[in-house]
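Going in written order, the chains are labelled A, B, C, D, E and F, and every chain counts its residues from 1.
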Amino acid sequence: MATCGLIEYEDASPEVRVVYDDIMATRKTDWINNFWKALASHPPTLRRTWESIKQIMAPGALDTVTKEMIYLAVSATNQCPYCMASHTASARKAGMTDQMLAELMAVVGMANQTNSLAAGYRVEIDERFR
Amino acid sequence: MATCGLIEYEDASPEVRVVYDDIMATRKTDWINNFWKALASHPPTLRRTWESIKQIMAPGALDTVTKEMIYLAVSATNQCPYCMASHTASARKAGMTDQMLAELMAVVGMANQTNSLAAGYRVEIDERFR
Amino acid sequence: MATCGLIEYEDASPEVRVVYDDIMATRKTDWINNFWKALASHPPTLRRTWESIKQIMAPGALDTVTKEMIYLAVSATNQCPYCMASHTASARKAGMTDQMLAELMAVVGMANQTNSLAAGYRVEIDERFR
Amino acid sequence: MATCGLIEYEDASPEVRVVYDDIMATRKTDWINNFWKALASHPPTLRRTWESIKQIMAPGALDTVTKEMIYLAVSATNQCPYCMASHTASARKAGMTDQMLAELMAVVGMANQTNSLAAGYRVEIDERFR
Amino acid sequence: MATCGLIEYEDASPEVRVVYDDIMATRKTDWINNFWKALASHPPTLRRTWESIKQIMAPGALDTVTKEMIYLAVSATNQCPYCMASHTASARKAGMTDQMLAELMAVVGMANQTNSLAAGYRVEIDERFR
Amino acid sequence: MATCGLIEYEDASPEVRVVYDDIMATRKTDWINNFWKALASHPPTLRRTWESIKQIMAPGALDTVTKEMIYLAVSATNQCPYCMASHTASARKAGMTDQMLAELMAVVGMANQTNSLAAGYRVEIDERFR
């Protein structure tokens, strides 16, 4: 279904394989998920997206599981089925328990609710928050 | 500007004051921000929304600063100016540093990017993620 | 600020005035709000948008106040400040009370919450709902 | 597929069964749809979400079918397949005809259109609407 | 699954057939896709939507392939699976190559990213841009 | 108002100045807009975002004005005031006329409308589009 097809490792150009190899090495895994196989139809997009994600998702002031949960918060808000599927898996791998998921989703649901309430009541920003 | 006005503490009914008092006690603060003053025009909404937020934002498997950052992730995705203003303040109060904000926003930006890429390339969900 | 400026009645071409006149006659009012003055920079967009809105917002199986509240539900979800401002005014004019607004927004908030929960928990559609 | 699984009535704890029983009694039905079975993996979320929805969706200044249509307006805007499926069913049960659905969706479509036009033309809010 | 069913040409009223015929003639094709068959359950919506799209998508200052790509940019941002599927097909028919799709999606992804960054950092609009 | 402040050229570190200099050289301009001054509070985000935008917005299979219009399509859909302001300016600089803007926004509005209609009527994807 993917618009430009999925490029498997064995069919990939050397340029694409370099990225695939780095994805597998960085993630300590031996397979590539469809997202990257779809982006591989345009190698500059594949490389730029991977380099950005690799840099951004590395642990820093926030640890990996926190970053993965933030990813899920955005993806649930945007109703992105692919990203929910793939990042639920990576969040679990990074240590997210069912209890953590439940608390995460409770906050996501509440934020989506109050975002629309703030817009709906046309609440002006408090002086102290400016 | 708020559609139904803002109800100040001194003008509030006893029913509303009970909620205002609980907000200030729970948050260890001495003022009420506009969001609650706007909801107070409909006391059942005020009470239900506060009770839910109080329950959801209490530390559990996730600590308070993590929950506040998740709130910001949703609010930035939804472009809600009020919630960005108020929850940036509460996230900072809970310990979010500039470095943590920067990493949070980097993940939020990347998730919004890849959500649209997954939709744009029509990537099908991998068997392993189902 | 409007990108292509606002076209006042006195500066409008006959083609634009016909639409302005119809807006004022249909809405039983004597002024034109900025949205239409902005669209007037491209008369075909002005005319097509007005003809569609006029047809859609006319009372039918749903009455005017219900239609205006649905408009607000969408506009709060999308965080559109202009549409919240203008359609709160028209909903009130059509009979929306503060109590109705409060119930409207409670449903809007809850729907935004459960939409993200359904995505977040990746709930599959029940057989009976297909 | 649901991330934390679906909890059937016969496998549910007494705490969860109390909610399931109340859902079935309130809705005058003898089954539970997947949304609740997914939330049941975290009983506090199940209970809080149900109590809120029960309170919000009860007829008041707005009747049930109006509330269900508002739910659909938000769910269509957010592109939530689960909520469209389940709330189309409940709106129909509450009396929504095909004609009402058509008028509802016409307003939803128009609101989504004009929301983006107002943003696209950067229309400033009229003095009278502030 | 479509809520009000799909109306095939042979079952369509003369009023609906007029629109179907115009769709096929305008698009130089011999079939009707499901979107129109679903809207046909409410002929005024079918006619109004088609007349608007026909007018808007006709080549003008922007050519057809540019308009189709803009359609895809919105649909990917909104996560609309149906519109991604149908407009990817029409964009290709209008001349969109894989390279053009890749550049389109790269811009869409970047815009979604920076939209959330601008909100997340609460960046104020520069004087020069007002 | 910007959460982490705005960093002016004269206060910027050498690392940030390198990016500012490249922005000004690439865009043939002598000033930096607030978006970059806000990101500069976290130099890795500044550099990564700029490098990505520079690569993505360079003319290729799509020319600059087309790319800028796609940016506007996403930003109007997301209701991002900052990005509407800044990219309206850059689209004009790249050659977007009022007529092009009008046609762009007409398509954006129509896509947002039909996206919600496709979801609202629950239209299934045609075999031919899969």
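We adopt the following convention: contacts are C-beta pairs under 8 Å (C-beta built on N, C-alpha and C of every residue); 3 or more make two chains touch, one makes a residue touch a chain.
These numbers were taken from a predicted model, which means no experiment stands behind them.
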**OP:** Go through the assembly and pull out the chains touching chain E as well as chain F.
**Re:** A, B, C, D
Original post:
Out of B-C, A-C or C-D, which pair touches the same way E-F does, with over half the contact pairs the same?
Top reply: C-D
Original post:
Is the number of contacting C-beta pairs greater for A-F or for C-F?
Top reply: C-F
Original post:
So how far apart, in whole Å, are chain A and chain B when each is placed at the average of its C-alpha atoms?
Top reply: 21
Original post:
Roughly how far is chain A from chain E, going centre to centre by Cα mean, in whole Å?
Top reply: 26
Original post:
Using the average of all C-alpha atoms in each chain as its centre, how far is it in Å between chain B and chain E?
Top reply: 34
Subject >> Of all residues in chain E, the ones touching two or more other chains >> reply: 1, 3-4, 41, 44-45, 48-49, 52, 56, 74-75, 77-81, 85, 88, 99, 101-102, 104-106, 108-110, 112-117, 119-122, 130
Subject >> chain B-touching residues of chain E, taken from the complex the two chains share >> reply: 72, 75-77, 79-81, 84-85, 88, 101, 104-105, 108-110, 112-117, 119-122
Original post:
For the complex, which residues does chain A have touching chain B?
Top reply: 1-4, 31, 33-35, 38-39, 41, 45, 49, 52-53, 56-57, 60-62, 66-67, 69-71, 73-75, 77-78, 80-83, 85-89, 97, 99-100, 102-104, 106-108, 110-115, 117-126, 128-130
Original post:
Along chain F, where are the residues that touch chain C in the complex?
Top reply: 79, 88, 98-99, 101-102, 105-106, 109, 116
**OP:** Enumerate the contact residues on chain D facing chain A in the complex.
**Re:** 3-4, 41-42, 44-45, 48-49, 74, 78-80
**OP:** Please give the residue numbers of chain A that touch chain F in the complex, ascending.
**Re:** 1, 44, 48, 52, 55-56, 130
